[in-house]
Amino acid sequence: MPSASPIFTDIDFDRDGKQVSTLNLPHSPHEDAWGVMPIPIAVIKNGSGPTVLMEGGNHGDEYEGPIILGRMIRELDAAEIQGRLILLPAVNTPAVVAGRRTSPVDGLNFNRTFPGNPRGSMTGQIAHYVHDVLFPMADAFLDLHSGGSSLDILPSAIVEPTPDAGLADKIMKAVLAFDAPYTVILDNLGEPRTATASAVRAGLITVGTELGRGGAVSIDALRVGERGVRNVLAHLGVMEAAPDATRSESRVVQVPGAAGYVYAPAAGVFEPFDEKGATVEEGAQAGVVHFLDDPARPPVPAHYRSAGLLISRRQPGHVERGNCVAVIGVDCGDG
Amino acid sequence: MPSASPIFTDIDFDRDGKQVSTLNLPHSPHEDAWGVMPIPIAVIKNGSGPTVLMEGGNHGDEYEGPIILGRMIRELDAAEIQGRLILLPAVNTPAVVAGRRTSPVDGLNFNRTFPGNPRGSMTGQIAHYVHDVLFPMADAFLDLHSGGSSLDILPSAIVEPTPDAGLADKIMKAVLAFDAPYTVILDNLGEPRTATASAVRAGLITVGTELGRGGAVSIDALRVGERGVRNVLAHLGVMEAAPDATRSESRVVQVPGAAGYVYAPAAGVFEPFDEKGATVEEGAQAGVVHFLDDPARPPVPAHYRSAGLLISRRQPGHVERGNCVAVIGVDCGDG
Amino acid sequence: MPSASPIFTDIDFDRDGKQVSTLNLPHSPHEDAWGVMPIPIAVIKNGSGPTVLMEGGNHGDEYEGPIILGRMIRELDAAEIQGRLILLPAVNTPAVVAGRRTSPVDGLNFNRTFPGNPRGSMTGQIAHYVHDVLFPMADAFLDLHSGGSSLDILPSAIVEPTPDAGLADKIMKAVLAFDAPYTVILDNLGEPRTATASAVRAGLITVGTELGRGGAVSIDALRVGERGVRNVLAHLGVMEAAPDATRSESRVVQVPGAAGYVYAPAAGVFEPFDEKGATVEEGAQAGVVHFLDDPARPPVPAHYRSAGLLISRRQPGHVERGNCVAVIGVDCGDG
Amino acid sequence: MPSASPIFTDIDFDRDGKQVSTLNLPHSPHEDAWGVMPIPIAVIKNGSGPTVLMEGGNHGDEYEGPIILGRMIRELDAAEIQGRLILLPAVNTPAVVAGRRTSPVDGLNFNRTFPGNPRGSMTGQIAHYVHDVLFPMADAFLDLHSGGSSLDILPSAIVEPTPDAGLADKIMKAVLAFDAPYTVILDNLGEPRTATASAVRAGLITVGTELGRGGAVSIDALRVGERGVRNVLAHLGVMEAAPDATRSESRVVQVPGAAGYVYAPAAGVFEPFDEKGATVEEGAQAGVVHFLDDPARPPVPAHYRSAGLLISRRQPGHVERGNCVAVIGVDCGDG
Amino acid sequence: MPSASPIFTDIDFDRDGKQVSTLNLPHSPHEDAWGVMPIPIAVIKNGSGPTVLMEGGNHGDEYEGPIILGRMIRELDAAEIQGRLILLPAVNTPAVVAGRRTSPVDGLNFNRTFPGNPRGSMTGQIAHYVHDVLFPMADAFLDLHSGGSSLDILPSAIVEPTPDAGLADKIMKAVLAFDAPYTVILDNLGEPRTATASAVRAGLITVGTELGRGGAVSIDALRVGERGVRNVLAHLGVMEAAPDATRSESRVVQVPGAAGYVYAPAAGVFEPFDEKGATVEEGAQAGVVHFLDDPARPPVPAHYRSAGLLISRRQPGHVERGNCVAVIGVDCGDG
Amino acid sequence: MPSASPIFTDIDFDRDGKQVSTLNLPHSPHEDAWGVMPIPIAVIKNGSGPTVLMEGGNHGDEYEGPIILGRMIRELDAAEIQGRLILLPAVNTPAVVAGRRTSPVDGLNFNRTFPGNPRGSMTGQIAHYVHDVLFPMADAFLDLHSGGSSLDILPSAIVEPTPDAGLADKIMKAVLAFDAPYTVILDNLGEPRTATASAVRAGLITVGTELGRGGAVSIDALRVGERGVRNVLAHLGVMEAAPDATRSESRVVQVPGAAGYVYAPAAGVFEPFDEKGATVEEGAQAGVVHFLDDPARPPVPAHYRSAGLLISRRQPGHVERGNCVAVIGVDCGDG
């Protein structure tokens, strides 16, 4: 059985100039026997130079990436770059339209489906196209995340670790070029199915972000993100540096594996005891879970299992057992 | 057909001391033919004095009120008060358990069901009990709201207007005693079905709040709320004033009716242009709606229709047409 | 606005013989603009004599009543009776088709909608027809319930109390004629919206039952129910007594109001300590709630609040807070 | 408790010219505490003359009315009329957006909620505004329906009967002016809660339609509808007659009550035996219900209960028991 | 781990005569731990001759195939054939019972699951049985589709292309023998997971159809289909030719890949500009998308990207972005 | 891509004493980007001796196993054993919390997902951990099932067949040691994806059970199960025999493949004709399916296809076609 991607498009990836169109993924649900899911894409190319693939909407409730890439699509002129930009501002289109982390089509988290499957369900088909068709065209990959509905996180650029020391060095330089207030080294507990882990395995210079928070659109995070994308493109030689690109001081931290996470010990409502950005002690109470319908029952505490910087808290008060309520980063020295 | 409330309880409202129990509302869904919905309640009474009814969990995703009242239930000794406190920390219990604004049982917004209906669905049955059984016992009513999942709002105490000048004066004094950073006069566009509107019609000294925001639990808002509740109880003569009750300066604003609200002009993702607490101009752009799956389509702006203080913004980026994206308050002079 | 029932039928209630047809209730959902909900009905009439209205399927997951009435509809000859039988074997038709206690059309419990509403949603429209059209034709009413999905109950005939002493006497005699193993006096905590409470207010000789249990079809309960229906019809003079109608000894108990019910004190899985039919002591443990996903947490006990006969237990192990886990009846003397 | 409509708008109904805006209905679900449902409205006014209220989207899956009224809103100049047009092109806005007959907000059929309720759920609140605010402004009412998802119907103008002979005469003249291929006298089996039944009770000259069919947009039906609306407005003196308004011959039929409807006798798939527009005989088979998963089971026939013109068939093959599979009209003489 | 199909049946595929039974697929959902999904099957055999596998209900909302095969099962005598017919009138049984294109059990489109998986979810298990057990028994395969809920299509026989010229010739002859008004060469944009693509890869003489349309049962399509099936069976030598089998003139067209499809450019309601069967020009407007809740917004056009015959339009007016609104076929010369 | 399990835990499997903690499975749904599903686990170890893996909550609506293992976790002292116990009292945690047979996270039946998949959805990830991490540590495996919501079954210990005669002998001895009232040899029609089939393939001494029934918690079944688990642990040399471990007489039966099962011949309500535990004849009626909404339609019978002991009946009266309504076991001689 053939295994090429079923996605088709009228984009010519080798043509100079700006093209704005869609990737068309045939699918055949009850409501539409012979239609497609159109995934927005733009290619902006000018002469020779590196190819940078930029993705927003990996999760559908993280809005700064899609807004920043959409603005570039509308406003950037091909003459302003040298090389090629491939922009996927809303790659997980059904999730973006729904404003949900995961796809309403098949319930999957796009960022847990790499390297994808051309004959699987929709989310894996999109991942397969990114992995098998677009990654091979690219030199670098920017995956623009925000905290989404559940995380209230510090604005950060993200380093995906790799055992390839040469690549790791290029990645760290590119991430520091982004110049977010915080730089976080994070491997998702070794999860290999993410876009960035796959991109790193494919040898791409990979830059992740966590820009905004709480399922909202943040004015600050947009500013950080727009400046950071420009900085990385300048670092890669695709654009000129912006006038405001002066290097600031990004604080570099690493999430120390499972010990960096605090999980809700019971279902209820979590009251945090520290603000995001605080320095916390190992063993201290991170907060308590309240049982609002049973006020006589004493709240149950959760404890930090590592000292360090409180880089993220849970946004919704409501928790199920095991929900992540706090994440700690340990300083690695400045960037 | 009889019209008394079907709710029963083992609470003796006239007994001195602290009782913690439940209101039991019989209901009969598929899963449980002969059970009840238990609604937590506590009564703390000591001698004579005013009766203050305090309610949290009117909406199930507003957590500071329930946490504050739950803590009082566990920690307050009857000897510390003079009079009677009736505490309903999670009045809309099914919504609180679900962490949803509205009740998962019948889909209703508790705060749009007053004066309730003893033979209606569950939400109206609870409202009826509050209105017909508890309001007549009470001299004052505190309804502790937060912004819930959709609002990112300034921490405020709320004045429900009334044409009864004498009552209005008592209400303003009690709300100012709460001493929140902001005091907001707000009538929900004349909505008569809220708990506070009903309480005011019933002649109660009524204090509303909007403590926290974004469906989260806020450390600041808990501090504001705990201090405010204590202040109001002291103002009413039920407790002694707290040592930290020194009067600060609450800024008093009024929402100028429909002109105070900015609604999303299209479905998409809203990017706000101003931070909460900003002073804005009439006619200025409040932000734009982006169409993330169609980046070539120009964003559509929304405009302020009144100058003033930006007291609330929408938390989720995702908007449907008509969603409230901003609320303006006009200064009334300081409190 | 007219308030007659919108239900129409080709049944002629005054015609001798057996007619099997439907009540047709117009409704207009998305799937069917101009259709009806057909509610099965049969009328079996022979000369003069009392009219007995018999209802099965008040709740859609209680099967013995509908099976017994369906068998009568197929097998009973008009010549075997004197008077008129009106049989509604599946009165809450959408719930019966779904096998659910409550109606999938509007989510309502039919037995909480009397006296109904001809312009309300479907469940209330059916209740209105029973109340306003059929009750006035009838001298007696049999409402054949079983325990449904949530109750594991002793096979019982049910007495709906009434302050009218003359009617109460007639009801008690008719219920005892049913001759179930147990006779239970039960007012649903004063609930006025049930079919039997409404029938009693309308002056009908009213016989309730709880035949089977656990959402299952019980061989025993079918035998009890078929014999009981025949016995009641004989008692009312509509049929001859069955050869096996010899009076046995029904144990008569009364549910002592709210104290008769034991409610789950927490969400989890309830382990009962006594078998149905046991004699229990006030204050003894009825069982414990386990927290299966948190085995270190000690189970929480529930206690009987009345001594007596354990007439019903909860069928599903899974409980929410407030679910009824046990019901006690107090002996009234033998029948 | 006040009972005025909570709907507000910036439309000035007395101003000359064309205004396009929204009716704003405050509602407060989980996703949006302080927003509105915006219902599109336009008012086109020029000097004095009759007021004609025109409504599309009463059901959300009937598209010709909304398309026709939307085109008028975009293209009609106030100078082309004499009097006032009030256009509600998508009155049941949530249903129109969803493409569903009934509202996804509260599950209700808008056309079963008149005269509405200002404090009920959303659908009744909209109906109340139409009934209490707009009907009193209007002389005539056009309610532009199509067959929707479930009906495959002949293109028709509809007469809502009234006992008021004078009004009935005006209505018949206006409906015949519409000049659809078929004119159908239809009272929905006496249903009083429809928009047209309410309008007639309010004394308005009322014209209904069933333009398109099968949940589709029909080129023919758009032509019939646009011409018909223009014809009625000319008849009422609000516009000049269109050049193509020459009177054709509408066939006038009446649905003879319940006997006009054929209902599915079982759940399955219905195979019809006659095409729409056929003349059928009483007692003939209208078709059969097949049991596709049990091919050995013989199909079950359904029969016509009245002779006449087959004006509508069911669109979806899938049927539940009681679904309307055919509707018959009996000739009343030509129009 | 064994990989044989878990499906079992009491059918003896080698026995002469007519057998009507079920394929039994064990599955174990919440509602039924140890049951099966029974899939109707019939085998009609007489002596030696080709084996023809005939399938209806590949999609559950396409009714003509199941009705035609069900009628053959009830009415055809084994003596009327020479060879063997294997009939699966409702192969995707759960979808057929639900009247949905896709299976309600696992959400999958049966026609995107070949060659199936004996240990996957239900839809793939059925596909595996058809592919691994039934295809090897068969010489020819008829897959009787209709347009289903979303397509309003011309009645057609379908040619699945194959690079095997000898097989292609046999297929074309068999499809032309069907003698539908239209013959369409269609490869679903190269989709390899369909039943017909798999059958062709397995070397079977494969005949597809699109008989009816719009989720309805069509009198015409039933006639076309019954005659066509008989014609193909005669062509294959299994039955005698029917008296009315005179060859008519089928118009043969080919869908020219992606250029043959018109997709909705925005979400809204699509108004088509041409009737099915029309001849259209490349670049002409196929129709416009209306925004019914925002009548001031101009409709957005969609254009044909190929000239030719309009063989299919979308049935529902409601569209999401990317829904197929029109399909074009290009003439290949007559059949 | 790495294929190790993503599950992590702080349990040290080699440490003596009792540890109670969780397996932590990272997952990333909309509600919780960086959290885990915590799966309760306990390890109780004392010196050397066999390792016994015990699992409850394979299906989430089978409660006796989880209760028994939970009690052992709270009450058993490490000094009471010799060897190692690994207890997973609620292995399919999301299903246990929901009280559903299948997981609400991905809809899968845990007992149809072995050997699992470390990169699949949650249910397969848990199965993979049990299969790849825990099975290799274990000598014996107890999988404590009950009948769940759909089965009303005799209390039984279950033998999973194996072609390995030596293992089969060890398994039979261990199962008989359990000493349930009934011992049933059952291979789920050859289903290879169950926990016990996988454990047997992995060479473990495997004991299954069906303790309770009907989705309820049974006092008897708890007694049978607690005694049986103790007996098996004694048999394996991990604990001392209980004082009440005297061998009773377990009746040993085998389910004779597909012929042992009776399936509902139609959708409706099934009335059984025999009680569980009865001896039945091949060809006799097992019961009838009633059509409650169509009482004139004759009930349809289902027949036994094997003589023997009626070991299980369906609990819910409501049936779909193909639901298992009865299971027969054939005697193998006493145990």
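Going in written order, the chains are labelled A, B, C, D, E and F, and every chain counts its residues from 1.
Assume a residue touches a chain if its C-beta (ideal position, glycine included) is under 8 Å from a C-beta of that chain, and two chains touch if they have at least 3 such contacts.
Worth saying up front: this structure is predicted, and the values here are computed from it rather than measured.
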{"item": "Reference chain A; chain at largest CA-centroid distance", "value": "C"}
{"item": "Interface with more contacting C-beta pairs, comparing D-E to B-D", "value": "D-E"}
{"item": "Chain B-chain C separation of Cα centroids, rounded to whole Å", "value": "42"}
{"item": "Chain centre separation (chain B, chain E; CA means) in Å", "value": "57"}
{"item": "Rounded Å distance, chain C centre to chain E centre (Cα mean)", "value": "49"}
{"item": "Numbers and ranges of chain A residues touching at least 2 other chains", "value": "38, 61, 149, 293-294, 314, 316, 321"}
{"item": "Inter-chain touch pairs (all)", "value": "A-B, A-C, A-E, A-F, B-C, B-D, B-E, C-D, C-F, D-E, D-F, E-F"}
{"item": "For the chain D and chain F complex, residues of the former touching the latter", "value": "266, 293-294, 321"}
{"item": "Interfacial residue positions of chain D with respect to chain B in the complex", "value": "1-2, 6, 8, 22, 24, 26, 28-38, 106, 119"}
{"item": "Footprint of chain B on chain A - complex, ascending", "value": "20, 38, 40, 42, 56-57, 61, 63, 66-67, 69-70, 73-74, 89-90, 93, 96-99, 149, 152, 214-217, 219, 222, 269-275, 290, 292-296, 298, 314-318"}
{"item": "Of chain D, residues touching chain C in the complex", "value": "59, 61, 100-102, 107, 109, 111-112, 115, 147-151, 188-193, 201, 258, 261, 263-264, 312, 314, 316, 320-324, 327"}
